[in-house]
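Order of writing sets the chain letters: A, B and C. Residues in each chain are counted from 1.
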Amino acid sequence: MFPRNQWYVAGLSSELQDKPVARTLLGKPVVLFRGPSGEAAALEDRCCHRQLPLSYGTLEDGGIRCGYHGLLFGPDGKCLEIPGQEKIPSKAFVKPYIVQERNQIVWIWIGQTDDTAPDCEPPEYAVHDNPKYQFKGGLFHYEAPYQLIHDNLLDLSHLGYVHLKTIGGNARLHMSAPTRVEGEGDTVRVVRWMKESAPPPTYTAAWPYKGLIDRWQEIEFNLSYLAIWTGATDAGTEDLADPARGGFHMRGFHGITPETETTSHYFWTIASNSHPDCDDNFPTVYEQTKNTFAEDKVIIEAQYKNMLQFDNPACVDIHVDAGANRARRIITRLNLQTLEQVAAE
Amino acid sequence: MFPRNQWYVAGLSSELQDKPVARTLLGKPVVLFRGPSGEAAALEDRCCHRQLPLSYGTLEDGGIRCGYHGLLFGPDGKCLEIPGQEKIPSKAFVKPYIVQERNQIVWIWIGQTDDTAPDCEPPEYAVHDNPKYQFKGGLFHYEAPYQLIHDNLLDLSHLGYVHLKTIGGNARLHMSAPTRVEGEGDTVRVVRWMKESAPPPTYTAAWPYKGLIDRWQEIEFNLSYLAIWTGATDAGTEDLADPARGGFHMRGFHGITPETETTSHYFWTIASNSHPDCDDNFPTVYEQTKNTFAEDKVIIEAQYKNMLQFDNPACVDIHVDAGANRARRIITRLNLQTLEQVAAE
Amino acid sequence: MFPRNQWYVAGLSSELQDKPVARTLLGKPVVLFRGPSGEAAALEDRCCHRQLPLSYGTLEDGGIRCGYHGLLFGPDGKCLEIPGQEKIPSKAFVKPYIVQERNQIVWIWIGQTDDTAPDCEPPEYAVHDNPKYQFKGGLFHYEAPYQLIHDNLLDLSHLGYVHLKTIGGNARLHMSAPTRVEGEGDTVRVVRWMKESAPPPTYTAAWPYKGLIDRWQEIEFNLSYLAIWTGATDAGTEDLADPARGGFHMRGFHGITPETETTSHYFWTIASNSHPDCDDNFPTVYEQTKNTFAEDKVIIEAQYKNMLQFDNPACVDIHVDAGANRARRIITRLNLQTLEQVAAE
């Protein structure tokens, strides 16, 4: 079970090109495409005639045409044409889903019931539209439920073990930095400052640091995505609590959408800024990020398979679990709310 | 459930060479091979000693020898030899199935009960023995129940969408030709004439047409196979209802045999005639046909997967479904007959 | 169900190098590795923190370190370190299994209950430590329950059919040699002597036989392994019942350990002696043995799949089944004993 009255990531804007995209989201098979005016659209991925997935069809000016007998559907799901037949039966339509594009992200609302309309705009993620950053992303499919990905992102201690060969660096250094976990409403923040530390190679390649640096890692958990901001300034020059602080920045977007109860989509982007005096190292940042996420996938899928194999045994908590446990409590609370609503109806 | 008191295609004669052929037919694992006098034979694919599939064995003059401890069985299932042992226990035999070869097709009868013997000969398909035609065929395995293949073959409208890149041609032209659906007993006929139309490239390559052509498509559904006859004569020169009409012919045989309730075998051949003044284009006809059927397989398997995923939702019928729906009613009727018989016993 | 109060093969000593080995044994996922003093160790393959298999971790001097957040466990399962945390909770430990290394084999004891300690040493297999032999081995994974592998090894008649192209030779010769089946306690012995027979090519390559040979095949079944001794001396020169007899020897070790109720591990080694006057043909002996076992795997897995498909039908016994049936009765008896013990508790 997952909270449904929420905006979830359906895809990145860059995915919607000249072919329909098939994707199961929150258990619903959906076909994503752009309608006649370029707007993102989502329909149930099933032709009402003989059930072929519409994603096997082709995009035409007015909508999507089924790849079996050619029925044409508009972005609202209405059947616009039945080749060789004048009359269109009133039952000939396909269920539409509510989608909205914002900051290069396609958000979908699949409410708890068919008539639960969104009560808010989809989340803002301004980094994608900030000219100071370039960004690029991708998608991982996980054979694991989505909360295990939250756990992974909300804990920074695994860097030294899972990512030993990529970005991990010194495991013990990471472990010893003090970590602050705080929360407000349905969000969780995990913040760690590593002041007066030596800059790692990726940083010195990207920014003309003078010597030691003040480094930060900020994780912001929201129900359907996490924003992770890491970076550093010259030691002692700026306030690490200032949202407008300078230095080199790496900003990760992590949209995590349940595919089913046991599988997930992980949409990610990485953004960074560049300094006029340094070579543009964004390609390196992008590659490293992608490799890192591939390492996480191996671990998380192995973890989930083992949880199943051992029939979900009890876990022993340690200090690094504070943020993840707080996020889990939020989801439990939202799920309980839903159950109460459903019971009350 | 499928009607069982019927002849179904077990294979093409050309398949039975020097190796046993393993195939599950109507839910029964069967090994097919030729007996001592070259006759087609079928046994339950299971050695009575330690259950190795007999299809892992080898063919010897007298029958089939198990590949584990060497028991030898005749085409009637009797154990002929136990290496190293004199006495053959009376229980040492393998269940035989009734097969009959006709017109290069191996037919099998797997009755509703073990003692339901065939009450008729297997169907005739004279095209395979008509010297005016050459033919060649093959086999597709489908992850879909067999009626979805009937549906596909009984509807001509999908040509323009599924086979757009192979034989499809102009979708709308196909759609607008009037279609006649008729039925008699347990058969259905779908006939479409396209008079005074331009000949497609395959046709002009094979036949010296003078100009416009009268073209026909005739589909004959029978419970275990369909015969599809397409072709054309010079416009206005012949009666398209005359079974002896001339011109270029393409004749398809489509034997559809349930493997299980949810999977199927699709045995097909294509036959065509050639004109002394034209190059033999049979290799092209064969290749195009094979490619076309591969396209159908992709669509039908996707359709079935989606029906499962959506738990078999209601379909909205359109004009093209007339033939297919008639065929489905025949199968439903035969299945009901069987249920009544079973209940009466 | 399988008898649990037994030593089973967990692996060959040569497998435990610098990486942990993951293996499910008798239904229990286990990680095998060497502890600080080089001793074989086995733990439940599950970190108590967040359930990652420990086999995804790394070996360090003191034990095995989890590949997610770095918890370190000793060979006894105790948590030795939680990076970044002083206090180690008392619940932070991993279940250890009893293992013992003997004659280059790692044996494991997974008792019926957690407190069923071994009441004996693991079996001796002195061949591995006999300087007159060289040996080498490997591991096959079987999609089949372990008793089907016993059946295969206890019957010599399949050589002529399954191994026709490798070591089989003349099927009928093998079949006609008299076979003695005897048993004592929980063991079964199948012995066959082929006196005054022509030496096969492998034998003449390895040993300077003068002419005809006296050949033997001795199979000794024990619950968790079989020892198969084949070889030959010059005809009439030695007593084939003398354990110290000379000639060319091939000695196979066959450790068969249930992975689950339906899958198995098959650990094998082959040992042989060499004669100063002949080329060392051990590499050939090893390769042939490996190829032979790969042939058995194909047959046994096909057999098991067919047993499932036909829902375990009755078998017709023949003469070759005597040894295998005796072994099956031993296992049935041990399983019954266990059921009675469990019921009595």
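FYI, a residue touches a chain if its C-beta (ideal position, glycine included) is under 8 Å from a C-beta of that chain, and two chains touch if they have at least 3 such contacts.
Composition by chain, UniProt nomenclature: A, B, C = Vanillate O-demethylase monooxygenase subunit.
It should be emphasised that the depicted structure is a prediction, and the values quoted were computed from it without experimental measurement.
Trainee: Treating touching as the only link between chains, describe the layout with one word: line, ring, star, complete or other.
Mentor: Per interface graph, the chains form a complete graph.
Trainee: Quick check: superposing chain A onto chain C on C-alpha atoms, how many degrees is the rotation, to the nearest 5?
Mentor: Going from chain A to chain C via C-alpha fit gives 120 degrees.
Trainee: Could you grab the centroid distance between chain B and chain C? Build each centroid from C-alpha atoms only and quote it in angstrom.
Mentor: 48
Trainee: Return the residues of chain B touching two or more other chains; collapse runs of consecutive numbers into ranges.
Mentor: Not one residue of chain B touches more than one other chain, so the list is empty.
Trainee: Taking the complex as given, what residues does chain A use to touch chain B?
Mentor: Residue list for chain A touching chain B: 29, 45-46, 48-53, 56, 65-71, 82-85, 89, 91-92.
Trainee: Residue numbers of chain A touching chain C in their complex, please.
Mentor: Residue positions touching the partner: 151, 155, 157-158, 160-162, 171-172, 175-176, 298-299, 302-303, 306-307, 309-310, 313, 315-320.
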